[in-house]
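Structure first, commentary second.
The chains carry the letters A, B and C, assigned in the order they are written, with residues numbered from 1 in each.
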Amino acid sequence: MSATAITVRRPVWRRLIGFNMLTGLVLGIGGWFLGAWIGGQMAIGHDYLVGTDQNDVGIYMGYLFGLIGWLVGLGFANYPIGRLLGRPPTLRHHETGGWTRYFRLCTDHKVIGLQYLFGIGIFFFIGGLNAMLMRTELLRPVEQVWPAGQYLTLVGLHGTMMIMMTSAFILGPFGNYFVPIMIGAQRMAFPRIEALTFWLTPAAGLILMSAIAFGGIPFGWTGYAPLSDQARSGADAYVMAFLLIALSMTLIGINLMATILTMRAPGMSWTRLPIFVWGVLATSVLMALASPVLVAVMSMVLMDRSANTSFFLASAGGSPYLYENLFWFFGHPEVYILALPGFGIVLEILPVFARKPLWGYRLAVAGMFGVTILSFMVWQHHLFVSGMNAGLRPFYMLTTELISIPTGFIFLNAMGTLWRARIRFTVPMLFALAFFFNFLIGGLSGVFLSDVPSDVTTHGSYFVMAHFHYTIMGGLVFAFFGAIYYWLPKMMGVVFNERLAKIHFWLMFVFFNLTFFPLFAAGFLDMPRRVSTYAPHLQWLNDFVSASAYMLGFSMLVFLANLVWSLVFARIPAAENPWASRGLEWQLPTPIPVENFARIPVITSGPYEYGVTGAPPVADFMPAALPAAGS
Amino acid sequence: MSRTARTFSVAAGIAFGVALIVYYIVSYLVVTPPVIAGTGAQPTTHLTLQTVASLGFKPHPDWVSYLVRNQNGKWVHSTILRVPANSTVDLTIYQFDTATGLRNPFWGEPQGTVGGTMNIDGKSLTVLDPDLASHTFAIPDLGVSVPLKGVADDAKNQCSIAPCNLGEAHTTVKFSFKTGKPGKYRWQCFVPCAAGFLLGFGGPMQSIGYMDGYLEVVK
Amino acid sequence: MTEIVPERVHPHGWRIVGIWLLLTAISVPLIVLVLGPHLPPGNVSGEAGGQRDANVLLTALLVPIALLVCVFFVYSVAVFRNSGEAIVDGPPLKGHAGAQLLWIVLTSVIVLALAVWGSYTLIVSTHGAGGGQGPDPIALPKGHQHALPIQVIGQQWEWTFRYPTYGGLETRDIAIPANTLVAFHVTSIDVTHSFWAYELGVKADAVPGVDNIAFVTARQTGFFQVRCAELCGLWHGHMAKKGRILSVSAFQAWIAAAQKRNAAIGKYLPKYNHVYFPAPLRRAG
């Protein structure tokens, strides 16, 4: 009784019933009320919970049961229950079906990649909407548009949403979609975990958005305790959302690591691995090692808020430093989780459009892993003026500045690859080149923050804010759009309207810089971060930034229009290898078959052998027999 | 479904979703209490406030809050006050909450008021024992800070539901201060009086309309 | 696909270096001489001056690096482009050991020099550069035992200041004497704040239960802007006020006036302490 045996199309309403997103939502909401009721019963008799009109235990229980309902409704319980009942293990019935498989639990990594792309994309645009609303308030030096509390919630929602969603911005859509294909595998190592990592993401996003209903979050994305301990129940949403995303990040890191380490096709030696896969591998290591610390620190806030512990309360034996250390021990690797996949993407795109081999391949790998290792040793540079370990400040200054050496490798790779190249200015190439410009400014401004005397001026000011927007927005987000324009012909089988794409690029590039470069000056002119009121003489600067930010937001609408136009209306079929790339993924037909490769290919050559005379094709797709083990 | 119909329904669904999200966020942003103007003619404006230990009605029946009397003599749940610039504001606060005590005893002294004094239950004082304070009324940017004496813990006939009436146990605090240039100034309470919240500064202490507000000084 | 590229027809490398040298020769003097004096946080105190020197030096060092990369990119994009529709492969250069080694050595030298110089200025020449050093400072200015202690108390959402050498006097305005070593003892009585005296070049987190010390010596009288640099809740952006730097005699007069003003509240203030743990942690419901 396989699914293909059903030939009669069932009516729409019938197809909505079953294990899918709708059921997940219904069970999730039902689970929320059940959990909140159970939590209410647990809280009776605890004065600190019931005296405040907000029962944090009830809210946590609600989120927990809601999450369980969401996952059960999606069908995550079916497999373990089936195995308990003695059914044989199988994956394929999760992978067939038409467009509805995008709204269900599906273990095909290509479906999950697209789910990630659109799922994260939606939350990315909500985060961007928050940024627009923030800039609206900052048109005036005193709160005129939104009251102060609501403004802080916007800040927190924008920051947390963006950090949560951009953590898997490239690994989610492109890592899941292309890593198995690029290493010559038919699937990921743990396909069900892969599906779980995706479906935790919208749950986390929705939970975070529910913070609005519980009074908002007044503490930004960093959620410093004890401010987050004392905040209203919106903090519960922040804690749960971050917990879930940390869990998702840990799982995706382990999954990708296992896939890359164990499932490479024969002949895919470490020196033939595409540089994007190296970037994903380095990021996965960071995710698997850093994210559990976030789980720990969020659990501690959860306990402080609901179980009356005092991890972070100085007057009850705790310490705010504990939070700051744990949070940044996660938080600093996190910013490289946001940077490394971008390195991978741009170094993947450059050789294709420079028509040259990647210059200094081993140096690029060394750079990525140098960043990975060093990123665990720098976290206290966020705490230079916090008053802890003053004697260690030179050490963290040194490690922080050391990290610019491996980062510099990536720039040398790019410069070497462009040297005497045959550059084609396609849209992905434009985004890759813009990445280097933005990341250069972002990285060099980071040197100011690593030098303690200079950091005393800039710490906690708009300078920091401009710095990390240059690295994350100017770096990662530009790399993300480069990846979309590069790979969408393969993922969706259609080509983008190039004119709209170029308008999008130039609007985004120009107004990104006009938005964030003046903010370095705002930081130098003593404007602290996260304020809704500022010195009146900075109003013209902020008005200029707001106007640029609106245009930056408009450039995103141009992208959306292009996406809808190309996907829904124009639908011009893409060539199978429009960029003439040597990448393994481009040698496959469009759309890529469910199992990717009919037979596991044998890799015969590296992916960047452009211009090399006598370079063999990248792989043998119909090997007669597998080569002997050990080759 | 035909392709046109499907495209149309997808587009309609997206538009509906976007509208829903925007409505969800913006409807949270625009919630702001009504503006209450002071009464009386230049150069003196009168404002009458009360503080209650628990509001008694939705959405936060257990929260401590300020209320303000509007021009019709009705108590309104708001903390956004409007007074003219370069004038004297006469403030009367009926205080129905019991004492919590100041975290920073420094605020036990009336500051920035006309004459540097306050009038509590008919007596002119230059300092209040910080342990007796229930709340403060402070406009830091104008230098104004006045402690409000709490009702005795064992007082009879304590108020439980806002708005409280003067027949219930209360203290009366009167003082005046001068407004300066036009502008929008924040005002707040410095007593950690938010019951149940850690460090006493969550919930109502961080919510405009409860223990925080704006003083709009207009031309 | 097999176009033969004549070697070394165009001296690309020398052109790039030449353009870069020209731009550097223009920009560095401009940065040092024109922009430098305006870079924050100014020269009101020795510590602020140290920070400004750091900002000038870093700008003058990093702009040439940025220029080098930018000139290379712009030159490449302008010159190494594929004209025409046909896809042509470039020369298969896979790396150059010498160039890579040179790059690694150069960046390492710059980075290590920066770290050594940063540590030297932090510990030796600016005595902590005005940053909070915690309860046991290690970068001690000369005569730190006789520094004038001023306690900065952060609370939601206001700064107050105590002068322990003047009987634990507490004020809501801050004034410091010029040409006198001041030790700010920054602490908080609720959540984490950050005391930022912009023109003085002082920034120190106010952490509950911690006595965070920062040294500063103002060189001239005037004003400085106080702000909060760590998100602390609703009115975080409003925790701003103007501080005053007074001559020593004016400072004594200011203290005397403040003592007179605070005579009434004085007896209620707690004994001066490095940190305060006031009750209640949670008020009953």
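Going forward, contacts are C-beta pairs under 8 Å (C-beta built on N, C-alpha and C of every residue); 3 or more make two chains touch, one makes a residue touch a chain.
All values reported here derive from a predicted model rather than from experimental measurement.
Trainee: Can you check which chain pair, A-C or A-B, has more C-beta pairs in contact?
Mentor: Between the chain pairs A-C and A-B, A-C carries more contacts.
Trainee: By CA centroids, point me to the most central chain in this structure.
Mentor: When every chain is reduced to its C-alpha mean, the one closest to the whole-protein mean is A.
Trainee: Using C-alpha centroids, which chain lies at the maximum separation from subunit C?
Mentor: Farthest chain from subunit C, going by C-alpha centroids: B.
Trainee: Could you work out how far the Cα centre of subunit B sits from that of subunit C, in whole Å?
Mentor: 37
Trainee: Could you work out how far the Cα centre of subunit A sits from that of subunit C, in whole Å?
Mentor: One centre to the other, that is 30 Å.
Trainee: Any idea how many Å lie between the Cα centroids of subunit A and subunit B?
Mentor: The mean C-alpha positions of subunit A and subunit B differ by 41 Å.
Trainee: Residues touching two or more other chains, restricted to subunit C: which are they?
Mentor: Expected reply: 190-191, 233-235, 238, 278-279, 281-282, 284-285.
Trainee: Can you list the subunit B residues in contact with two or more other chains?
Mentor: Each of 62, 186, 194-199, 201, 206-208, 212 in subunit B touches at least two other chains.
Trainee: Give the residues of subunit A that touch two or more other chains, as numbers and ranges in rising order.
Mentor: Counting only residues that touch two or more other chains, subunit A contributes 47-48, 51-52, 148-149, 218, 226, 230-231, 313.
Trainee: Going by the contact rule set out above, which residues of subunit B touch subunit C in the complex?
Mentor: Residue positions touching the partner: 62, 100-101, 103-106, 108-109, 111, 126-127, 129-130, 138, 140-141, 143, 145, 186, 188, 190, 192-201, 205-208, 212.
Trainee: Per the contact definition, I'd like the list of subunit A residues that touch subunit B in the complex.
Mentor: Going by the criterion above, the answer is residues 12, 47-49, 51-54, 126, 129-130, 133, 142-144, 146-150, 153-154, 209, 212, 215-216, 218, 226, 229-232, 304, 313, 564, 568-569.
Trainee: Within the complex, which stretch of subunit A touches subunit C?
Mentor: Contact set of subunit A toward subunit C: 47-48, 50-52, 148-149, 152, 218-220, 222, 224, 226-227, 230-231, 310, 313-316, 319-321, 354-363, 383-391, 393-394, 397-398, 401-402, 404-405, 408-409, 411-412, 414-416, 418-425, 433, 436-437, 440-441, 444, 447-448, 450-457, 459-461, 524-526, 528-535, 580, 609-613.
Trainee: In the complex formed with subunit A, which residues of subunit C make contact?
Mentor: 1-2, 5, 12, 39-41, 47, 50-51, 53-55, 58, 62, 65-66, 69-70, 72-73, 76-77, 80-82, 87-96, 99-100, 103-104, 107-108, 111, 114-115, 118-119, 121-123, 126, 128-139, 186, 190-192, 194, 196, 198, 201-205, 207-214, 225, 227-238, 275, 277-279, 281-282, 284-285
Trainee: Where on subunit C is subunit B touching in the complex?
Mentor: 153, 155-158, 160, 170, 172, 189-191, 233-235, 238, 241, 262, 264-265, 268-270, 278-285
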